[in-house]
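Have a look at this one.
Labels A, B, C, D, E and F are assigned to the chains in the order they are written; within every chain, residues are numbered from 1.
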Amino acid sequence: MFTPAPEYSGKFVTSSLASNGVLLVELCRAPVNAFHQPMWEELHAIFGKIDLNGDIRAVILASSLKLFSAGLDITAQNLFVAPDPSRRALHLRNHILQFQAAISSIERCRQPVIGAVHGIAYGLSIDILAACDIRFAASSTSFAIKEVDVGLAADIGTLARLPKATGNSSLARELAMTARTFGPDEALRLGFISQVVQGGREEVLAKAVATADLIASKSPIAVVGTKHIMLHSRDHSVQENLDYTATWNQVMLQSTDLRDAFQAFLAKKPVRFGGLGKL
Amino acid sequence: MFTPAPEYSGKFVTSSLASNGVLLVELCRAPVNAFHQPMWEELHAIFGKIDLNGDIRAVILASSLKLFSAGLDITAQNLFVAPDPSRRALHLRNHILQFQAAISSIERCRQPVIGAVHGIAYGLSIDILAACDIRFAASSTSFAIKEVDVGLAADIGTLARLPKATGNSSLARELAMTARTFGPDEALRLGFISQVVQGGREEVLAKAVATADLIASKSPIAVVGTKHIMLHSRDHSVQENLDYTATWNQVMLQSTDLRDAFQAFLAKKPVRFGGLGKL
Amino acid sequence: MFTPAPEYSGKFVTSSLASNGVLLVELCRAPVNAFHQPMWEELHAIFGKIDLNGDIRAVILASSLKLFSAGLDITAQNLFVAPDPSRRALHLRNHILQFQAAISSIERCRQPVIGAVHGIAYGLSIDILAACDIRFAASSTSFAIKEVDVGLAADIGTLARLPKATGNSSLARELAMTARTFGPDEALRLGFISQVVQGGREEVLAKAVATADLIASKSPIAVVGTKHIMLHSRDHSVQENLDYTATWNQVMLQSTDLRDAFQAFLAKKPVRFGGLGKL
Amino acid sequence: MFTPAPEYSGKFVTSSLASNGVLLVELCRAPVNAFHQPMWEELHAIFGKIDLNGDIRAVILASSLKLFSAGLDITAQNLFVAPDPSRRALHLRNHILQFQAAISSIERCRQPVIGAVHGIAYGLSIDILAACDIRFAASSTSFAIKEVDVGLAADIGTLARLPKATGNSSLARELAMTARTFGPDEALRLGFISQVVQGGREEVLAKAVATADLIASKSPIAVVGTKHIMLHSRDHSVQENLDYTATWNQVMLQSTDLRDAFQAFLAKKPVRFGGLGKL
Amino acid sequence: MFTPAPEYSGKFVTSSLASNGVLLVELCRAPVNAFHQPMWEELHAIFGKIDLNGDIRAVILASSLKLFSAGLDITAQNLFVAPDPSRRALHLRNHILQFQAAISSIERCRQPVIGAVHGIAYGLSIDILAACDIRFAASSTSFAIKEVDVGLAADIGTLARLPKATGNSSLARELAMTARTFGPDEALRLGFISQVVQGGREEVLAKAVATADLIASKSPIAVVGTKHIMLHSRDHSVQENLDYTATWNQVMLQSTDLRDAFQAFLAKKPVRFGGLGKL
Amino acid sequence: MFTPAPEYSGKFVTSSLASNGVLLVELCRAPVNAFHQPMWEELHAIFGKIDLNGDIRAVILASSLKLFSAGLDITAQNLFVAPDPSRRALHLRNHILQFQAAISSIERCRQPVIGAVHGIAYGLSIDILAACDIRFAASSTSFAIKEVDVGLAADIGTLARLPKATGNSSLARELAMTARTFGPDEALRLGFISQVVQGGREEVLAKAVATADLIASKSPIAVVGTKHIMLHSRDHSVQENLDYTATWNQVMLQSTDLRDAFQAFLAKKPVRFGGLGKL
């Protein structure tokens, strides 16, 4: 149905154009999208390329399998040999930082990314979803912050992003400390997702595409700026963010989009905004 | 019904004393409270004066029209002429900073400000409401973060304050990136308002006045300190805030209010707290 | 039913082992757990000791009386005599900082602390609960942020922690500025508690013990790290936290827990994690 | 000798154009430039206006009397009457914040400000000089951080800015804690001034004018940006500042100044940069 | 010569009153003041007590032996036994934090502390001196940041405080990375000390006592506030510090010291300030 | 004389092993090391590789030509075509961020980097040197922060790093705002370099190699940690840095280097530390 986008596809992740300006990126490592290093490196490379293509205006991250992801592929962990715990630590730290950078590429990509999730979403799935801007879950979804079950504190983004993205610290810590599963209704109550979509993969994808289409019809200067400023806002004080926003908009208000939108508004006509081209 | 307060009234904003110590400030630029520069400058001046009157103990910000506000008056935008984008940027930046300062005066005003909203609350309305301390919405209210529709990222406070004031980042970003309307129930689920008040302007005002009256009956040293410390808390770490609070309260615990309240509590009598006078 | 734990018990706070690795700490100053300095000093000492006992894996903080706590014992306030307000301020500041440190010891204790609350939870109760990791409330609970009623802004942690732990700033400020009571359903809507437990003290304790047991069965390296990183995350930007987490996990991934969990997972067997011993 | 600039002159501060684009602002309240509220309010107003005049490219702050300033006029202090120390504190805080804002206007003014000092520079003089960008001192100058002698910690900027502007914390604290005088050589060793100028008022003014002329000949987009970014750098981490600088320069590199300078460089011709006009 | 002060003396550190309000604290663990845990715990306890005695107005930290300190006593290091590097890390971290807290007690002590150094000052000596407010060195002194020679990065404060207290990052890093010795002239050029005092222990102590006497004659409200605000300034932005200072001085300007100093100034009489008493 | 290191060499930058563990990286784009994009991309790649080779223990950055660098090659600037200033800004921002990342790779490289400079060091040279850890200058060197001469504020690191690395803000701003040249003596007074080396390229290189050799003989765990913690310290508060250092050293104290150094110290024997291997 969608147009394949080979430039953004690899062995474990495949992409297609869902509509004009909307790219659907799907995890596709059968049977359960278990992540090993080649898979997250591929994801990293793809989001790095998306960031530089200003004609992609919104991105959907989903899975082409019967579930989103079972998390880390623990059968494929790296072994580091080093003469002492200190030297081993330097290796491990490099490894963690690269893994984090791969998942953070979703957040660093300038376009909005909508996570559309169904089936199982465990462990690394939460790190990945937390790096998306908007999250929709099919009513079939089962979530879990699995890391304490395998003897580690989640270090790829869940503990960093989830509490800031949600509104119930008690529930967030309970879920992270117990590793118990939770459904989309509890995810909604936590404030993790925008909406529960009745159904499964098909239904949640339809919702995501509709939202992405709407976003893609807006001024890309405005949308890209909104993501950029909201990320800045999360990590800075209100006054810092206001100052930064003034510095950002001192040039972004000089776009043709603003002028075109004002003229269209006054003429009561629709407006079409040009893309951002190659960045 | 309420006593006019001409000292806090102008051409586009009008104020009245709703009860002892409670000031009602109403937007009144017909037909839709569209904001142009003279209007936000007036609002700025009024909140600057409120801040210095310690006998006003709580403020309600509402609209005297059939809606809260349609947002920015885009028919009245400034034009900046400059020889290059850099020089033009310096002008635009000044303009944005002044506009931000006008809306931030609601937050900087030391007394609590309750936003009471009904009808339409679009665009700049959200920036304004986000700068209030407490928000009530009539069940008739329709909200929208309209800025991406006119080609810009909201820069007067919505993107800075809304995510910190609410509990669902996914929903906040969705609303900011799609500009779609949302009702008071969704606003409540987002965590943006305290409560949905069944009805329209009259009902939501009644709720706001009752809450403001309650606040005005408390120790003003305590209330002003609570707002001050909660604003500090939003923008600092817990430990920073605890240290700051100790420094704040090292003198604020020396008020007569504390002594009077303790004595009244032990005597099981009501207590009346004196105002703060001219600041 | 539970085994007394005299090492963690005093005159106003008493502890028992609810199960292997789960310590129940209960406030027990009749009639209403009103806090005076000896009581919070005792609490401080107990949590300081818990922190260093790595064989305690989860803590429950509750009350053995018919309510959680009525708050500060205002009949027992210190009097400071000093020749001028500045010198008096230095005394008061010391006092506040010590009181804050006592309540912050709950948060600084490395193990997760579950607040289990029933009956009345006023004033200082909220400061205490906000310093817990997870909160459950019996359906019988009545909460209030009482401080403005006694002439002061809450300075022992409520204003610092509550807004960051919850998802509705409007409601949080309303509650702090009006001192009105609110029930567990509103607390849940605020995002303050994980869940409302139907019933009273017995039922909420049962829920807390079940959750604590679950946590105590997980890798203590993982659980302790999860609390540590989530506290860091609350007070730092996402990027700061990711960097810090990499530095934390560069050694925490070298535990036997991780190896044991992976092997157990692959062998489809259960795993038992060793404690942390004396720290 | 210099052209009077009445727009930037008042009763206690007088200004003149030292050359094209260089404004000399001089303190002139005989006999010792003791600061009372009308004087610092006048200074505030003048620097507020300078900031908005983009044709002023560099500012010199000096004194027309035989010394720079003896500091605060303690014969003219405000008296605040309030019923208790807490209410009195709210008044005092407002007063301090306004006083700080007056002196910070020197720093907030977008053009570089050169402090040129001779004779006595005590107390508030240091707060003022610390808010300048560049400092030259005549060899005749005597400095002192006088505040502890009058029973207060310097609160108008010395303690905030001096340690960050200099390179010997031990000496800075010694001077602030002893209030002893120090000469220009020690000021140079502290890192407080760029250079000691042999002579008195005339000689130090000549040096300041020569430096200001040089600055005024450079691209104003570049100079204004350099001040802006260096102030940001002082108060942020290196990475924060690099990010901010990229956002600033994304438009400032679009000026005609850059193009003109490149062309002039390649043609080996001098370049003249246009002013910034009214901001 | 000086009056012994047994309350502030122990086995490895001994104190005496050098003059009214000036406490001399001397390291005295022969032969080289090598620090083991009992010694830094004793130092910690002594500075904790000094902080609470408002009649001590200035402190000198020196050595009664022929050198300041050779640094850590590496013959007395703790051994931690733990089943894996992660558990061992938790032990080590506790140990480091306690050691840091001991040395930080010098900085946390509210009175100014003058480090007076002679002979050898290696390793931990630099951590200790960096936690002092003011530093004088005898011309006989030999410094070294020794830690890289024993296989570790300095973790008790040198790397945290030294670069912020000095003015040449290149030299600071060179010294920390090479562990080479440097003399007082290079320390002065680095910005680490206020002054080189010709001579040895006796001469540098005389200089320190004279400075401490001068500080002790000033308003203690002003001196204590100056230290407090300068420490805050080091770790915050200028604007943060200005805001904090206003909040600090809103009560500290209400002291009798300010009134007495103003009256004495106007009457051209000397002023004597009262102590702060027990804090 | 030195062994060529082709793995770290390219067209514009060439490397050699100066001694065991010491890599000399030299700029070599005749005639004046003017930087264009291929040159800084090459530098970026080389420092990225150095970071991962734990057998390189210290790096020297110098020039093989008769001067260090004349700065940016302004004959080779990119042209960006875009329909409006906003879209053009997005392009420019990407460009600046990549350029910054290239120069920051010097700082991010975990080993110490010594800048050894002679001849002319203008413009980008200062950005590069500021990213080094240690700086030595030949007495022949002429420095200038040239950017305002070409119409821009320095955005590749000078304004971000130089003020934090030096100890005279007045002089730093004067140099950045006037673009005037300054010699090594003034650079030393500014606090920018460790030492002036009499002579030219040969002499300054000899000094750098001697220092690098000394560093390379120390524990690499200690040296790498010292750089890491000092960079962290620059950008964080003292308390943040102390906490971070404890977390870093909780594993780094588990190295064999510490044990070996202690044993060697007690046995009064020299110690040789093993490298870090491939990271």
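Criterion: contacts are C-beta pairs under 8 Å (C-beta built on N, C-alpha and C of every residue); 3 or more make two chains touch, one makes a residue touch a chain.
Composition by chain, UniProt nomenclature: A, B, C, D, E, F = Enoyl-CoA hydratase.
Note that this is a predicted model, so its numbers are computed, not measured.
Enquirer: Can you give the shortest number of steps from chain B to chain D, where adjacent chains in the path must touch?
Expert: Minimum number of steps from chain B to chain D: 1.
Enquirer: Comparing C-E against C-F, which pair counts more contacting C-beta pairs?
Expert: C-E
Enquirer: Any idea if chain A and chain B meet via the same residues, over half in common, or different ones?
Expert: Chain A and chain B contact each other through largely non-matching residue numbers.
Enquirer: What angle of turn lays chain D on top of chain E when you fit their CA atoms, given in steps of 5 degrees?
Expert: 120
Enquirer: How far is the middle of chain A from the middle of chain C, if each middle is the mean of its Cα atoms, in Å?
Expert: Centre separation, chain A to chain C: 33 Å.
Enquirer: In angstrom, rounded to a whole number, how far apart do the mean CA points of chain B and chain F lie?
Expert: Their C-alpha centroids are separated by 49 Å.
Enquirer: How big is the gap, in whole Å, between where the Cα atoms of chain A centre and where those of chain F centre?
Expert: That gives a centre separation of 35 Å.
Enquirer: Which residues of chain A are in contact with two or more other chains?
Expert: Only 85, 88-90, 164, 166-168, 191, 221, 234, 247-248, 250-255, 257 qualify.
Enquirer: Which stretch or stretches of chain C touch chain B in the complex?
Expert: 74-75, 77, 85, 88-90, 92-93, 96-97, 100, 104, 107, 147-155, 157, 159-161, 163-164, 166-174, 176-180, 191, 234-236
Enquirer: In the complex, go through chain E and note every residue touching chain B.
Expert: Touching chain B from chain E are residues 244, 247-248, 250-251, 254.
Enquirer: In the complex, go through chain B and note every residue touching chain D.
Expert: Touch list, chain B to chain D: 52, 54, 82-87, 89-91, 94, 221, 224, 251-257, 274, 276-277, 279.
Enquirer: Over in the complex, which chain A residues touch chain B? Could you list them?
Expert: Those residues of chain A that touch chain B are 112, 132-135, 164-168, 191-195, 211, 214-215, 218-219, 221-223, 225-230, 233-234, 237-239, 241-243, 245-255, 257-262, 265-266, 273.
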